[in-house]
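Each of the two complexes below includes chain A, the first together with chain B, the second together with chain C.
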Partner chain A sequence: MAITAMDNQTTHRRSRTRARLADFSSRWSFMLPAAIILFAVLVYPIFYTLQISFSRLDLASFTASQWVGWDNYSTVLRDDRFWQSMQVTGIYLLFALPIQMVLGFGIAYLINAPWKGRDVVRALFIIPMVVAPVVAGGVWRMILDPLWGLMNYWLGQIGIGPIDWLGTPSLAMATIVIIDTWRWTPFVILIATAALLSLPKDVFEAADIDGANWWTKLWSIALPLLLPIIAATFVVRWLGAVKMFDIVLAATLGGPGGATNVINLFIYEQAFRTLRFAESSAMAVIVLVITMVLTGAFLFGIRKLEDVQ
Partner chain B sequence: MTVCTVIGRRALLAASLGLMVSGSVGAVLAQDNLYGTAEAPVEIRMIANEAFAGQWQDAMVTEFNKHYPGIKVVIDGVPYPELLAKSMLDATGPEPTYDIIIADDPWIPQLAEAGVLLDLKKDAAQWTDAGYDWDDFNAAPLAASEWNGVQYGVPLRSNLLLMFYNKSLYDKAGVPQPTPELTWTDYMAQGEKLVQDTNGDGQIDAWGVDTYFNRDVLTPTIWQTILNSNGGQLLDENNKAAFNNDLGKAALQTHIDLLKFAPTGGSSHSFNESLQAFRQGQVATMFMWGSVFKGTAVDPKTTTLTTDQVGIQVMPVGSESAGAHRGIWSGAVNNKSRNPAAAWALLQWLSSKEGEVWHSNTLGVFPARKSTLASTPEQEWLTPVFAALQMGYEMVDTGHMWRPRDPKSDAVQQVLADETSRAISGQIDVAGALASAEQKINEIMGN
Partner chain C sequence: MTLDATPASTHRFRRNLARQLRIWSGVVIALVFLFPIFWMVLTSFKMPKDIFTTPPTFFFQPTIDTYVEYIWRADIPRRLLNTVIVSFGSALISIVAGGMAGYALARLRIRGAGFLGTLLLLSRGVPPIALAVPMFLVARKFGLTDKHITLILAYCTFLIPYVMWLMRGFFLALPKELEESAMIDGCSRFGAFIKIIVPIAMPGILSTLIFSVILAWEELLFALVLTNRNASTVPVAMAGIAGDTVNGANWGALTAVGTLMVVPVVIFALLVQKWLVQGLADGATKG
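Showing the complex of A and B:
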């Protein structure tokens, strides 16, 4: 009798192990193709970049030929152009992101009320996002040209200008921020609109009954409820903005001087124009680490905000 | 015995003839295999700048196939900024796609150092036509595809940085039209007069000059040419920076001073903006690549000017000579090509005396050969261009007016572009820009 119970237990354990194994295999059989693709297209290039950043790249075979330790990193960190580009990127992010967030959520709040033609306006907002960035940069370059551009023509009609938008170092960065804001604010608007539509109506109705005005409803209800969405949108835009270089490439080529030479343009030039792939890989790794750390800090901050709420 | 001997001799003769015939057929077959046949063509692929790849595919390949019907040519156009990297990535692979690489002036050393190019005078000698005249090339354009004593390419599209001038604007300003004897001092003195109100409405509507001013790798070529005209060089024989001196400072300052006579917003101008301003009759002079002459003075679809209104000549004279700056597109054969003979046949034909004349007369492409430049072109507008080119080649050769010849040339040029742009935009003074460029370039060159 005891033997039979033990046998049953053993059989039960075996069948449980078998079931677990079957479960494990079936899960991995579904996950494996995706994992392989993910490894091939994401992990492998990152590790290859990392390998090149610690090596001398043999252009004849296009492979890492010799381990050079931290040499490439040391060269990059001593290059004042790298630090200038980091600084330029910082200035761009400091201005572009807050402007886009405030404008995006502000416009979304303003157009949130139901009115005729709202859907058409929302659809029109998508246009700048789908215009290729290089085209956007080129078109804006034409609009802002001091000699032939529409902008200076209009300003000239009211006695202003001509303004050299792209040739003056401080104005050139402002111009890049304007172009980038034109391009990406609609993205923020779309997310903000969706977020606003999902807000519970009963809270606002209760506020109306309590006699809350427009500002109180915005400041005390809408903003706190939107905070997680605002934070998430900020992180998504931050990750996109850190990679920006195409608009600069088309509009200013990083100039005048190095006034708009954002870090990604600098890395691109060093890699594909001057073929300094090893140093460029080191720069890319540095930027990757900084971006990861800052993104981690933002996500930590978002969680804290949510906890506070 | 005699019969046997006779039969034996006949058999021997027949056998010999048979061998000779089969040998000839074999040679012919081998020849056909190298260059293909209409029924069984060999395919060669070329990577080239997209600016002219389409034109070549449509017109040049059709003409080439009249001579070599068995060679199928496919040309892939790539935008200029990515062309070197893509050419290099492909050429260094185990099985490269491209048999022919079309390289800009400073790229041959980089490709040669990577060990991917065929030595045309040695490895391709067996396929070189006996009548192919190497000595007929002007020295300067041919030297663009030479590296460490080895000829890796041939000039296919030759170009020089030259001075364009609008004769009407000179006449309106009452300034004598430029001649090849015009000095930089005279030119700068005339600049102010060339900024003018041409229609009397009280607004300035024509300016003195437009050229490269923005952060472009070709922008430094303007002051490099001024430096060369004054007897200076960018790098010395040990590849150390040699421009941080009075000659260099004067050259860069002259380039910056040109902005005084440039249109509003000129500091962000380069190739496209300069061309637009000149072609719309808004600037009196333009320092630009000669190859734009047709679109600037001849083709009504792209310009408001006519051939009578546009002059072309070498850039003004410095203390040593007039100036020009070399920009040659050379054709080179990948040494891993499966059809090197066919690839060399295309380059050989296009750079031959016959091919060059066709190329220049039909497509308006500038030649490199002395014989072509001495000939009378079919298109009249080419006559003053040929004269300017021949003079320019000689200046370039004497004054070594080209970008640094080194595998790190592009890195050097990028540093020069950065520092030139900083100086032009007033972010740094001339002395500071040159000192900074000197330090960075010496570091890049390992000095």
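Showing the complex of A and C:
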């Protein structure tokens, strides 16, 4: 009797352990395919880049051969072109992101009126958004051409120019920002429009009754309510903008004189044109660390923002 | 009485004027944003003598000469096929793997789900160039360059985290009782996911799939690095044409290939625009 009871208990415990194990594995099996792929193509390559960045790369076998410590890093940090490229990237981010955010939310606020063609207009804004960046760069290069371009012809009609938009070092980055803004503002407009539609109407009606003017409604009601979405959109745009590559490649190839040579393009050229894989890996690691830290900071900021609200 | 009515009617008049102003500025801004695309399509149907004119011409005898010539010279049919294979292949793999993982993050009380979520968002900031160098070296070592599967897996690096994040949002929004009742009825966890959750989340899954296809469709960096001939995609051809300074500006080829590349995606996007906008807004806001 006692023996069977104890037996029962152990089998019971064993089956419970087994059930828990089955439960555990069934939960994690959902993660498995993504985990395997991401490990193979995301985690492993990052570590491999890290290894190459501390090695000399044997170009005969394309493998990291000899540990050289911080050599590649010190070479990169002494390279003026690297610093210029970082600076160019910084300028791009510093101008493009705020301009796109302000324009996107501003336009969405401006055109926010209920009418029957609203869905059509909204659909039109999708179109620039799905134009491949490399196509955007090429087409804008054509429009801005100093000799045959449409833009300079129009400006010439009102007595300006011709301006070599992409060929003037001081102007080229501003032009890249314009092209990027053309490509990405519709994205912000669409998100902002959806966000504006989801705002509670009664608050605005109450403000109308209180006689609040246009500015008060924007500044004291809409903006605070939209703040979390603005922050989230900013992070999404930031995650895209740090990868800036295609538009510059198609429009200027980094020129003139490196004025638009954003860091991704610079690393790409160093790796695949001059075959300096070790040094470009060191640069990639530096960029990776900076991007991760800033992204982490933005995410932390958003969480704080949500806590406050 | 007339004195009474005046302020109200001016008020109404001003309100109506503001509304008209909003509507028309919306239309005008949309057209301004569309103009470069319109100009691209227009130029693609011009003969060279109509492309390089002063003033630039809007009216001309349309021709498809440029298309006929460059479709073969830039190897477009094969590239288009490659682009379709790679973008749909990577999007499908990502939607299955990322969808399941997103479901686990949202619903299955995985230990450290919050941490994994943050890691996932962080991973979307990894610069592709940091992955392209090792991928190229490894692919080269194992003879895997210029193969579709290599590019498909490379695209998974940004598609899976993107899909996981979006789908996590969709699944979090579904009522919890759904799969609980199914599991009480004897469904396994996986059975409940396939039979109950997936059908309900279908609109979200489809919009995510479409967005993934578009993201892969226009990708350039990995395609430049990992392919050279057999598996090369249309964006690579586009980059070549745009950057070709030796032969001078070839705007006919640029606009024709550009149009070929953009038109399918635009049609695709417009067909599903309602879901697309929803997915876009969710992707940016749900966290």
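Following the convention adopted for this analysis, the second predicted complex is superposed on the first by the 286 of 309 C-alpha atoms of A that agree within 3 Å, B and C clash if a C-alpha of one lies under 4 Å from a C-alpha of the other, contacts with A are read in each partner's own complex, and residues count from 1 in each chain.
Just so it is clear, contacts are C-beta pairs under 8 Å (C-beta built on N, C-alpha and C of every residue); 3 or more make two chains touch, one makes a residue touch a chain.
What you see is a predicted model, and the numbers here were worked out from it, not measured in a lab.
Contacts of A:Arg273 after superposition on the shared chain: chain B is touched, whereas chain C is not. Contact with both chain B and chain C is seen for A:Phe62 once the two complexes are overlaid on the shared chain.
Residue by residue along chain A, chain B and chain C are tallied for touches, and C comes out ahead. Of the two partner chains placed by superposition, only chain B is touched by A:Ala259; chain C is not.
When both complexes are overlaid on chain A, the residue A:Pro169 reaches chain B alone and has no touch with chain C. Look at A:Ala284: by the touch rule set out above, it reaches chain C but stays clear of chain B. In the superposition on chain A, contact of A:Ile126 is made with chain C only, not with chain B. Looking at the shared chain after the overlay, A:Arg20 reaches neither chain B nor chain C. By the touch criterion defined above, A:Trp148 lies against chain B and chain C together after alignment on the C-alpha atoms of chain A. Look at A:Val41: by the touch rule set out above, it reaches chain C but stays clear of chain B.
When the two complexes are laid over each other on chain A, chain A has residues 61-62, 145, 148, 253, 271-272 in contact with both chain B and chain C. Contact residues on chain A toward chain C in their complex (touch as defined above): 26-31, 33-35, 37-38, 40-42, 44-46, 48-49, 52, 57, 61-63, 107, 110-113, 115, 117-118, 121-143, 145, 148-150, 153, 182, 185-187, 190-191, 193-195, 228-229, 232-233, 235-236, 238-239, 242-243, 245-246, 249-251, 253, 263-264, 267-268, 271-272, 277, 280-281, 284-285, 287-288, 291-292, 295-296, 299, 302. Those residues of chain A whose C-beta lies close enough to touch chain B in the complex are 59-62, 79, 81, 145-148, 162, 164-169, 172, 252-259, 261, 269-276.
Of all the residues in chain C, the ones that touch chain A in their complex are 19, 22-23, 25-27, 29-31, 33-34, 36-37, 39-40, 43, 51-56, 93, 96-98, 100-101, 103-104, 108-110, 118, 121-138, 140-141, 153-154, 156-157, 160-161, 164, 188-190, 193, 214, 217-218, 220-221, 224-225, 235, 238-239, 241-243, 249, 251, 254-255, 258, 261-262, 265-266, 268-270, 273, 276-278, 280-281, 283-285, 287. Interface of chain B with chain A (complex): residues 81-82, 84-85, 88-89, 92-93, 110, 113-116, 214-217, 263-268, 270, 273, 276-277, 282, 408, 410-411, 414, 418, 421-422, 424-428, 440.
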